[in-house]
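Listed below are the structures to be examined.
Look for chain A in each of the two complexes below; its partner is chain B in the first and chain C in the second.
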Partner chain A sequence: MPKSWRVFALLLLAVVSLTPVLALSVTAFGAAARYPEVWVSSGNGTEFLTLVRSAALWRALLTSVLLAIGTGVLATVFAFVAARTLSHATARARRIGFGAAFLPVIAPPIALGVGVQVLAIRAGLGGTTLGVLAAHVIPATGYLTLFLSGVLLSYDDALEDAARSLGAKPWTVFTRVTLPSLRLPLRQSVALGAMVSWGQLALTLIVGGGIVRSLPVELLSFVQSGDDRLGAAAALLLTIPPALVLGVAQLGARRTGVVT
Partner chain B sequence: MTSRDGAGYLAVALIAAPVVAGGLYSLAATVGIAGAGADGFTTARIIAVFGDGATWASLRFTLVSAFVATVIATATALSVSVLLRRSRVARAAIAIPLAVPHAAAALGVLLLLGQSGFLSRIAYALGLVSQPADFPAIVYDRAGTAMILTFAWKEFPFLALTAWAVLDAADESLSQVAQTLGASAHDIFTRITWPLLWRGVAPAVIAVFAFLIGQYEMAVLLAPSDPLPLSMLTYERALDANLQRRGEAHLLSLIALALTIVLVLVHERFRANSDALAQVVEHDA
Partner chain C sequence: MTQAREDAAHGKSAPSVVDTHMLVLDDVSIAFGKRIGLRALSMQVRAGERMAVLGPSGVGKSSLLRAIAGLHPVISGRVLLDGRDITALAPEHRGIVYLQQTPALFPHMSVLDNVAFPLEVRGVSRAESRAQAQALLRRVQLEAFGSRRPTSLSGGQRHRVALARALAAKPRVLLLDEPFAALDPMLRAEVRDDVFALLSEISVSADSGGANDAAQAPPAVLLVTHDIDEAVALTHRVVVLLGDRVAQDDRSVAVLERPASLAVARFLGVPNLVRGVRDTNGVVTSSLGTLMSNGRAGEVWLAFRPDALHARSAERPAIAAAQSLNDAAFVAAEPTCGIVVELLERMSGAMVRIRVGTDLMLAIRDGGAITVNASVDLLVDVARVHVIDEVPRDV
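Right after this comes the complex of A and B.
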């Protein structure tokens, strides 16, 4: 294929990949331009202040951060226990285990939400942040069980056996051998779990009943009330953490030679 | 069954429990023995859902839009992976849509393609339109054009990464042997590269299709109000003031779940085929 075609394809790819993000950035930071202006040149800088002063936006950010961290940590704990147990089971039990862990991952969030909502209400958690957290933990645990099971496939128990034979108690083995050996994948697991929660809209809406205002919920609310600027700002805030996680993952992969 | 297996099954049962319990509850609510408006066993909700034209329109719209988006995403991903195989810039470019959350992507496309969006404004500056109404209505249209394009925009990077992984893992010696036996570049592509690529990417394509069927975050910002995607119809029914209709949400969610499970089984079959082919290729090489 001629080089010019390749350059054209690359340019097209860059434009297609970038334009929606550019549209968000211009809307969030540009003045509220009336049609047909693309960008108002007479902006006096107060536009940015309206973003900074939006209590709803920052409250939503805080809620999303808390939900993401809570989901990442809790789902990692549950998933680690499940993956560790499965790693010691027979091949048949493992196969069934992976299938079951896949279930909350592939269930459409709305379908999952409709069922889980009732359980949350029964437990007195409907419309609460705790209820939404519990709902987010469900798909995240399934996802992380699959991730950590993959990690544990190549994990060698020999060090733990050695520690045990030297008289270390189970808790000492766990804190002094297991955790330090798996520090990196466990950190990755927390980050992945947090990202599963971060973009959740359907589960948050249906279990949170519109009372729990995470960033995606607030984004939707801003857009539906016609405030595109705050909607775009929420969208950009939503984009930063996954971009960082992806960037760090790519950097780590390049350093360790996983991806060349 | 060993005690370790018992512990394994218990761990797994706990993970799947909320989905299974939710599913069973939905089943009970579908036949009127649980949930809001439950009034004893009845098939009325099933008859109401399957007798409602909105359900079939929603199912058709959901499947067609997910299918078209999957085709566009696959074609884009395969073109990018083959044409720009060695390009680091291309790999960096596709990381952008990968990092943008679904709701944010939908808003970006809405701001870009809406009738008073950025493309419309640029078209005005170029003298192509004189008012927003002159710009084609591709957001909230009955075909779901902007929604389909956003689906494809969000999903093609995943497929491109999968395609690159398949190409990177493919044994170059096969192509080299074919070349020494006189095969043309076209023959090598159609007889070796393409079959390997397609078999490797097919499970991911099925996964994307399954994911798009249940998509809500992008649909809620870009879908038309008629027909509604299945996820939005379910949500609308779940909040209906009429308690009888709330029961219908449970049946709709079971339909979505069933569709996904069927696709997962298809996915597993494709993956098994792909693994078998990989073993044959490895053996032959």
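Right after this comes the complex of A and C.
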């Protein structure tokens, strides 16, 4: 590909990636744009400050953080077990396992949500944070199983064989050899799982029934109320944590010499 | 020549600590997937003995070692260690350490922690295990590298650390699965010599002081390698696996000089194989002449190494590496005439391919002593000809 094409492609990528964030920032911090004015000309961030001072927002933020951490950790545990099993399975069993892991990933969230809601209501978890957590864990486990399977398929069992041959019992091998040597991908897995939960709207709305108010649910309320600036401010708040997680993951990868 | 003399001639000391079989495989069968890979294997290894396992790729050498270590299932038969059945025992309880091709050092631990690992998992205090690990690192000349991460070491250093770590476990049996295969030739020779020097050192110290202490007895060593010369040079015994079973189990030098079958001879790369016929009086007749050999009448093969062949030409009375032509008894009283078809210069010396109906390989010290298309007279040292009773269906 000619160099000019590569530069163009990179610029296009930058524009596509940054334009929404830029538009959100301007809208959130700017004053109202009056028709036929397309673009705000000035502002002082009043709406953003209003939003930040809202107790409902902090509650939603706390709910989202708890859901994200819980989903990241639980889905990583389930996905690790699944991926570990798949990495030692026969090729046929592995294909079936990957297919099963793909299902919650490719299923439309609304369809998945309706299915989970039925189960959640029967289990008495409808409209509860626990029910929403369980719902978030399902697609996250699918994603993470695929992610960790890739990691574990290239993981060398030789380390574990060596440890056992040297006299270590299975639990010691797991805690002193397996987990430490997979520390980085496991951290990445928790972060990825948390991000899957962080952006979930459909599942939270359906299973939470509007009672569980996460940040995306609050954002939807702002957008539905017609206040673009509050919506934009909430959307910005929703964007910051994934950006931070991505940055930390990149930093961790650089420090450990792992190419992600 | 006795085994002790043969071993002494190859710089090895025969085991002397415990004259009983330490490791016994009794009718052991191993599966690869759904098929039986190795069938009804039986072999014994003594304490301090070094045994090489040879065989073509895929025959199951590594699986055999892994089965002994408890890392691969045994589908039938028994594995005994010091008379105790360990077939169903978990790897960590066997006292057998398996060293694979890659050193498999734990990347998240320091070199010292790697070596201390087997001691710590046995409940030795951290301080004591680190002190012992430091002493082991001193033995492999890596005392100054204890705080380093394994990734910062060279390939040879990593192998030394892996050996120190294996010895920290005080194994009864040490399984070496092509441990030097990943190293370049120069480093390979250096690390291999270091490893076996250290193992010999352990044997000597056990002989002189700790013979009654099982933990101090030198380990039996099983070495899987593709390098036949390495196997013969470093071990007391060689087991050749062909097909799904043991094709030969013999002293190292004996395997080279007296292959049990044509298949073994071919696998070992015995370059001189000449077809012959034995009559009912034990007289074997071949294109090289006749010799006496007891056995059943029928087709046989004469197998001999290049240095058992002697060549003479009109210009040079004795070209071959043979040290004393006058002392040798030859297959034929009259030499066989051959034509030099190829001269192969190698690091270990020159080899000459000579056509006498079939092609024979001759080892010579000086490649300039012979030229292609030259006519030479050949004599074969009868004492070094091994007659293989076999109908050559697999020729």
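Annotations
Throughout what follows, the second predicted complex is superposed on the first by the 206 of 260 C-alpha atoms of A that agree within 3 Å, B and C clash if a C-alpha of one lies under 4 Å from a C-alpha of the other, contacts with A are read in each partner's own complex, and residues count from 1 in each chain.
Criterion: a residue touches a chain if its C-beta (ideal position, glycine included) is under 8 Å from a C-beta of that chain, and two chains touch if they have at least 3 such contacts.
Note that the coordinates shown come from a computational prediction; the quantities given were computed from them, not determined experimentally.
In the superposed pair of complexes, A:Ala163 makes contact with chain C only, with no contact to chain B.
Residue contacts after overlaying the shared chain place A:Ala243 against chain B, while chain C stays out of touching range. In the superposition on chain A, contact of A:Val81 is made with chain B only, not with chain C.
In the superposition on chain A, contact is made by A:Ala107 with chain B only, not with chain C. In the superposed model, A:Pro180 lies in contact with chain C only, and not with chain B.
Of the two partners chain B and chain C, it is B that touches the larger number of chain A residues.
Of the two partner chains placed around the shared chain by superposition, chain B is the only one that A:Gly115 touches, whereas chain C remains out of contact. In the superposition on chain A, A:Thr172 contacts chain C only, with no contact to chain B. Looking at chain A, you'll find no residue that touches chain B in one structure and chain C in the other.
By the touch criterion stated above, chain A contacts chain B in their complex at residues 1, 5-6, 9-10, 13-14, 16-21, 23-24, 26-27, 33, 35-38, 78-79, 81-82, 85-86, 88-90, 92-94, 96-97, 100-104, 106-119, 138, 141-142, 145, 198-199, 201-202, 205-206, 216, 219-220, 223, 228, 231-232, 234-236, 238-239, 242-243, 246-247, 250, 260. The touching residues of chain B, when paired with chain A in their complex, are 1-2, 4-5, 7-16, 18-23, 25-26, 29, 35, 79-80, 83-84, 87, 89-90, 93-105, 107-112, 116-118, 120-122, 124-125, 132, 153, 168, 210-211, 213-217, 220-221, 231, 234-235, 238, 249-250, 253-254, 256-257, 260-261, 264. Listing the residues of chain A that touch chain C in their complex gives 156, 158-159, 161-169, 172, 176-177, 180-181, 183. Residues 66, 69-71, 90-92, 96-98, 100, 102, 104, 106-108, 117-118, 121-122, 165-166, 168-169 of chain C are the ones touching chain A in the complex.
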